[in-house]
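Lettered A, B, C, D and E in written order, each chain numbered from 1.
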Amino acid sequence: MVGLSEGEKQFLRGGIEQDLRSDGRTRHQFRSVYVETGVIPQANGSARVRLGATEVIASIKAELGKPSLLHPDKGKVSIFVDCSPTAAAIYGGKGGEELSMELSVALERCLLGGKSGAGAAIDLSSLVLVEGKVCWDLYIDALVVSSDGNLLDSLAAAIKAALSNTGLPKVNVVLGASPEEQPEVDVSDEEFLQFDTSTVPAIITLTKVGKHYIVDATSEEESQMNSAVSVSVNRNGQICGLTKRGGAGLDPSVILDMVSVAKHVSQQFTSDLDSEIAAAEASDE
Amino acid sequence: MAASTYSPSQGAERRQRQQQMRRLSIQSDWDRSDGRSFIQCRPAFLRTGAANAASGSAYAEFGTTKVIVSVFGPRESKKAMMYSDIGRLNCNVTFTTFATSLRGQGSDNKEYSAMLHKALEGAVILETFPKTTVDVFALVLESGGSDLPVIISCASLALADAGIMMYDLVSSVSVSCIGKNILIDPTNEEEVCQDGSLVLACMPARNEVTQLTLTGEWSLPKINEAMELCMDACLKLAGIMRSCLKESANLSN
Amino acid sequence: METTTIGGGEGATGMAAHMEVEAFRRLFPLPFYDRHLSKSVRPDARTLDSARETTISLGPVASADGSALVKIGETTMLAAIKLEVMTPSTESSDEGSIAVEFYMPPICSPMVRPGRPAEVAPVISQQLSDVIMSSRMVNLKELCLISGKASWIAYLDVYCLNADGSLFDAALLSAVAAFTHLQIPLVSVNEEGRVFTVSGEQQEKTKLELVNKEKRKLSIGNTPFPVTCVIHKEHIVVDPTAEEEAIMETSITIVLDTLGNLVSIYKPGGVGLASTATIKECISRTKRRMQDLKIILEEAVSVMEVD
Amino acid sequence: MGPPPTLPTSHSFSSPSPKTLQETKTPFEIRFALLSSLSIQNHGMRHLKGEIGVVSKADGSALFEMGNTRVIAAVYGPKEIQNKGQQMNNNEALVRCEYSMANFSTGDRTRRPKGDRRSTEISLVIRQTMEACILTKLMPRSQIDIFVQVLQADGGTRSACINAATLALADAGVPMRDIITSCSAGYLCTTPLLDLNYAEDSAGGPDVTVGILAKMDKVTLLQMDAKLPLDTFENVMQLAIEGCKAVAQYIREILLENTKQLESRRGS
Amino acid sequence: MGKMEDRIDGRNANQLRPLACSRNLLHRAHGSARWSQGNTIVLAAVYGPKAGTKKGENPEKASFEVIWKPKTGQIGKQEREYEMILKRTLQSICLLNVHPNTTTSIIVQVVGDDGSLLPCAINASCAALVDAGIPMKNLAVAISCGLMEEGSIILDLTKSEEEKLKAFAYLVFPNSPLTVIPKVPLSKEQPIEQGIITSVTRGAMPVSGYFDCMNRGVAACAAISEFLRRSLQKQSSDDTSRAA
């Protein structure tokens, strides 16, 4: 819903061509990232992340549940993204559902790994308390409060920050005598287990405008895109997920080039994000 | 018990899957259950004109994956839609209740609908039908693995059958990554125990990728290898699709 | 211009001389059909009392316990049955049950859009389950596994893949064929009281106690066969297409079973009235058609057995 | 989160130690803290916090906190009417309102579908309340969208939403005849209580929500559930009106501060 | 007339439950009627004709929509079927060419259900259409006929009878102009020329049984239509009439 005049479009495209974008950034430069943790007191972990004028909140809630029959040795994680109509009027009513679903699916794809669980950012087997009986169900709820482009990257960053803010209470499980009996669960309210978020990847979306690709596009820039590729890269430089958006086709070699650029950019972004998270955690204490 | 009724085969299936998973993760070399090699696709059966009520339709059968796609239009857009000087593409994917081994709800699959839309929108020349909508409706009769690629290929065939202008046919193939191996056109059992997957839709004649999704952990060279494998298979599939279209054109003459 | 479809007879016939057939068909559908019917022939070259070519193929859906694909002309129906286990109610502790659902997915007709189910879908759904229950085609006692503990619930889902008239006929025929094809899996019971399937080799190895060794097939008695007719003036038109149904609004569906009993006479309103003579005529058409359908179904079954 | 601002006026409303509530982490602790605050039987209002311009792309936006209840409001418009069918009257602006709750806004996580009964009702209440103060006649053939998003719900969400919407409308520069503020009051254990939190609200006593046009001193919104004797009701309502006035005072200060900042920015 | 075996409620096989019909009960509706057969009570309201037809309807004719409101709970498949049957039945008795491109809504509220619900709803809607002044060719009269095990027929079934019987049929007949002229008996030699408008059956029955139902149904419908006519003709302010 960005209405740009011909002149403005030319200005944007010209800037990108000359590696100087309208807000003064280079093509592969992120906007400054701001992280605040512990913003939702009733959640187990939460964070607010701001990238320029884009603002998202992520909250993690953990509930005790039963592992699924197919994977008795794994906990469950589900991700729900909601686009608040406050962020843009078109998200009102049912208008935001499609985008919300698309973002949720893209995040699940990037964070939860393959069907066998390989490459998952969150170690699902660490969520199991008693195999086949008790496990943690993690509900990751994210809300887009204000939107100025690059929602997916911001959401992934917010989820990472919220996960590092998460403390799961220590649980003592006493199994019943017979297999049908519900096990007794004792949830500690003093001891908490921290989450290891070093494996959580960062998502880098490269937006192709003209011949060039840019990272962290604003909504003005996104309106000019031909196509975009979101790549999730973990600390080891492995690719953990990839989604293409936008209609125009891409040459396979271009995609591979974009992936390698994303890999390169991710190192800087991940370290920036990590230090921001650490700072936020410190101030939160 | 959560549900009041249940399928008696749940337990057996679970055991089977666990066995399979154990087997596949240990060995590096094994035979696929249907006797194919790792880089061999299932035999594809394609037909146009499956439902005559539609402007164009196609039926695709890859192994046990069976899909019907009907295309309606170009026809009047919904009243609530605003004016648009290019056409709209509306995609909808539904699974039958008996498509999967556990009885489903038979509701729309929003995720696949969105993916189908993304895979096709780059290929359809929307400028040729301004103000109107082309509806692409897919029904998965039976799900036997690699459902999305089959839907995409079948849909582009149905679009061609309906005479909708496209830059090129879109063909789509997926691969599964299990252990060290890359398997093309995986079946359901293989998909369940995959470590990663890559779905690629492309216009082979233009060498352009219209849709690419990837899950699991991949290194750059491995992505390269998988993409090449897919592009190659897509090219072959497009050939089959083309001959299917020619055949139906000859028949009608 | 007067284009009322009811009274436009004379004007239309007058104009017909200078008009292309397709244009006449579109503009004056009713006179178009009137002229055909007066010569006892239909636009698709059928006589009034002949049905379209009907085919039945069994077992197209491998993931279901029983399935059938039925085509009557262009109308295509896919029916599949999945068996699940339920705890029977206390009133009928030795009976299973059947849950019928009829779907018209958007692929079947340009009139159906996603999210808005077709108006007739729930009606046909209800009609199907009424007829299947009325005919007592399936003995519900045969669906019992362990009296009072567990019994089968057969989920019958019928999908219309292409809608071109006489939907109920095709749907009921596919449902009957799917029940004929139904193969009940071998099951055993574990210590928690849950029923699970047993494959052949497993059974040999472990010597599990089987619950239903004999009851693998349902004995289908009293198969119901349907015929839909359109009543237009003095004509009775058998097996109408979608176009014929839309133009000549009065339709009547008759279901007879193999014993010659009347399972259903379904006539939901309509301009034309059905007199005793008309109904008798329809019944005799149904009897004739039933013989054909019986043979088609038997052939489909014998083809399966050869395979 | 900035330092909690102290309530600027009326000494009679003491802040019910918001610090302790904010520092808590787990749902268990929160519930415990809430229950203990119940036993204090505080007559006062929870601490207030307002912030203007939290959503950059909106024409006007604001964050409003009442204790642990925290909502965001965004205003889009006045703009062209999108759906002509909704236009009731050609001479007035069309005001629309949508209320939504974040999944994480309550203690028990529930996935709530959009447009359930409760949110439709609250949307309607907010819309009607705001319509009373917007000079709709000045903007014929146009539409104003008000979106309120609850980030944290701890009682009195209606009031918080109305207060946030007032701030957002002012930020958007929508002409209003007065500012509307809202506050709730209840009656528990023979004591009238101002600004109920969730635990107090769910105790089952009556809950009176009042909205007033602050300067004109008129009540535009009055809702109550449960039963209350008439004379007690008057007391409770009076208390709520006092609360509204305090909120109005605070909102005025925020708006003044905001205007000063705008002025200084323009001046520099 | 077969065996005069008494039924649970003391009626004989041929006897209908007490009928009652009152009209013009609702202020806002253009026409309304409440019809009861024993404990089965249906309230029907008619709104319209309103301008325009819904998508998919023929704009050259008047169209109808029926909204079924069950006594409790949500509308299910059975109710959707009833809506469709009711709509098509009413369409067939109204003059569709008088108000082309209009929609008339009929809202059917079930007040009590003790069997023969669909016939009762048809009778109620018919009376409501008359009350609203919708142009009609003739009235429709509905009856339920049950087939006993030994072949005899009972009329106007209660819910428990519907559940117990092997087979039954809901039949709708037009009230032919014949009944306007009083005291012309429907003799046995005279075949039912006008035929049935609507037929819905449950359970398997021999073909002859169905024709027996038709014969008995048409006779009973003559009585019902006589009652309907009398109650419609009454212009008293009270507008309530009761059958003996």
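The working rule: a contact is a pair of C-beta atoms (placed from the backbone, for glycine too) under 8 Å apart; a residue touches a chain by one contact, two chains touch by 3 or more.
These numbers come from a predicted model, not from an experiment.
Path length between subunit C and subunit D in the chain contact graph, taken as the least number of steps between touching chains: 3.
Once subunit C is left out, the chains joined by touching break up into A, B, D | E. Summarising the inter-chain layout, the chain whose CA centre lies farthest from the centre of subunit C is D.
In this view the innermost chain, defined by its CA centroid being closest to the centroid of all protein CA atoms, is B.
Inter-chain spacing, taken between the CA centroids of subunit A and subunit E, is 62 Å. Subunit C and subunit E, compared by their mean Cα positions, are separated by 28 Å. Subunit B and subunit C, compared by their mean Cα positions, are separated by 30 Å. Counting partner chains per residue, subunit A shows two or more touched chains at no residue at all. Listed for subunit B are residues 10, each touching two or more other chains.
Across the assembly, subunit E contributes no residue in contact with two or more other chains.
The touch graph of the protein chains shown is a line. Per the contact rule defined earlier, chains pair up in contact as A-B, A-D, B-C, C-E.
Partner subunit C is touched in their complex by these residues of subunit E: 56, 58, 60, 76-78, 80-81, 84-85, 87-92, 97, 167, 169, 172, 174, 191-207, 209-211, 214. Residue ranges of subunit A in contact with subunit B, taken from their complex: 69-70, 98, 101-102, 105, 109-110, 112-116, 118-119, 227, 229, 234, 238-252, 255-256, 259-260, 263. Residue ranges of subunit A in contact with subunit D, taken from their complex: 36, 38-44, 46, 53, 55, 57, 59, 61, 63, 80, 82, 84-89, 92-94, 97, 139, 141, 143, 145-148, 167, 169, 189, 219. Contact residues on subunit B toward subunit A in their complex (touch as defined above): 10, 14, 17, 21, 25, 110-111, 114, 118, 121-123, 177-178, 191-197, 202-203, 206-220, 223-224, 227-228, 231. Note for the complex: subunit C touches subunit B at residues 60-64, 67, 74, 76, 78, 80, 82-87, 101, 103, 105-110, 113-115, 153, 155, 157, 159, 161-164, 185, 187, 190, 194-199, 242.
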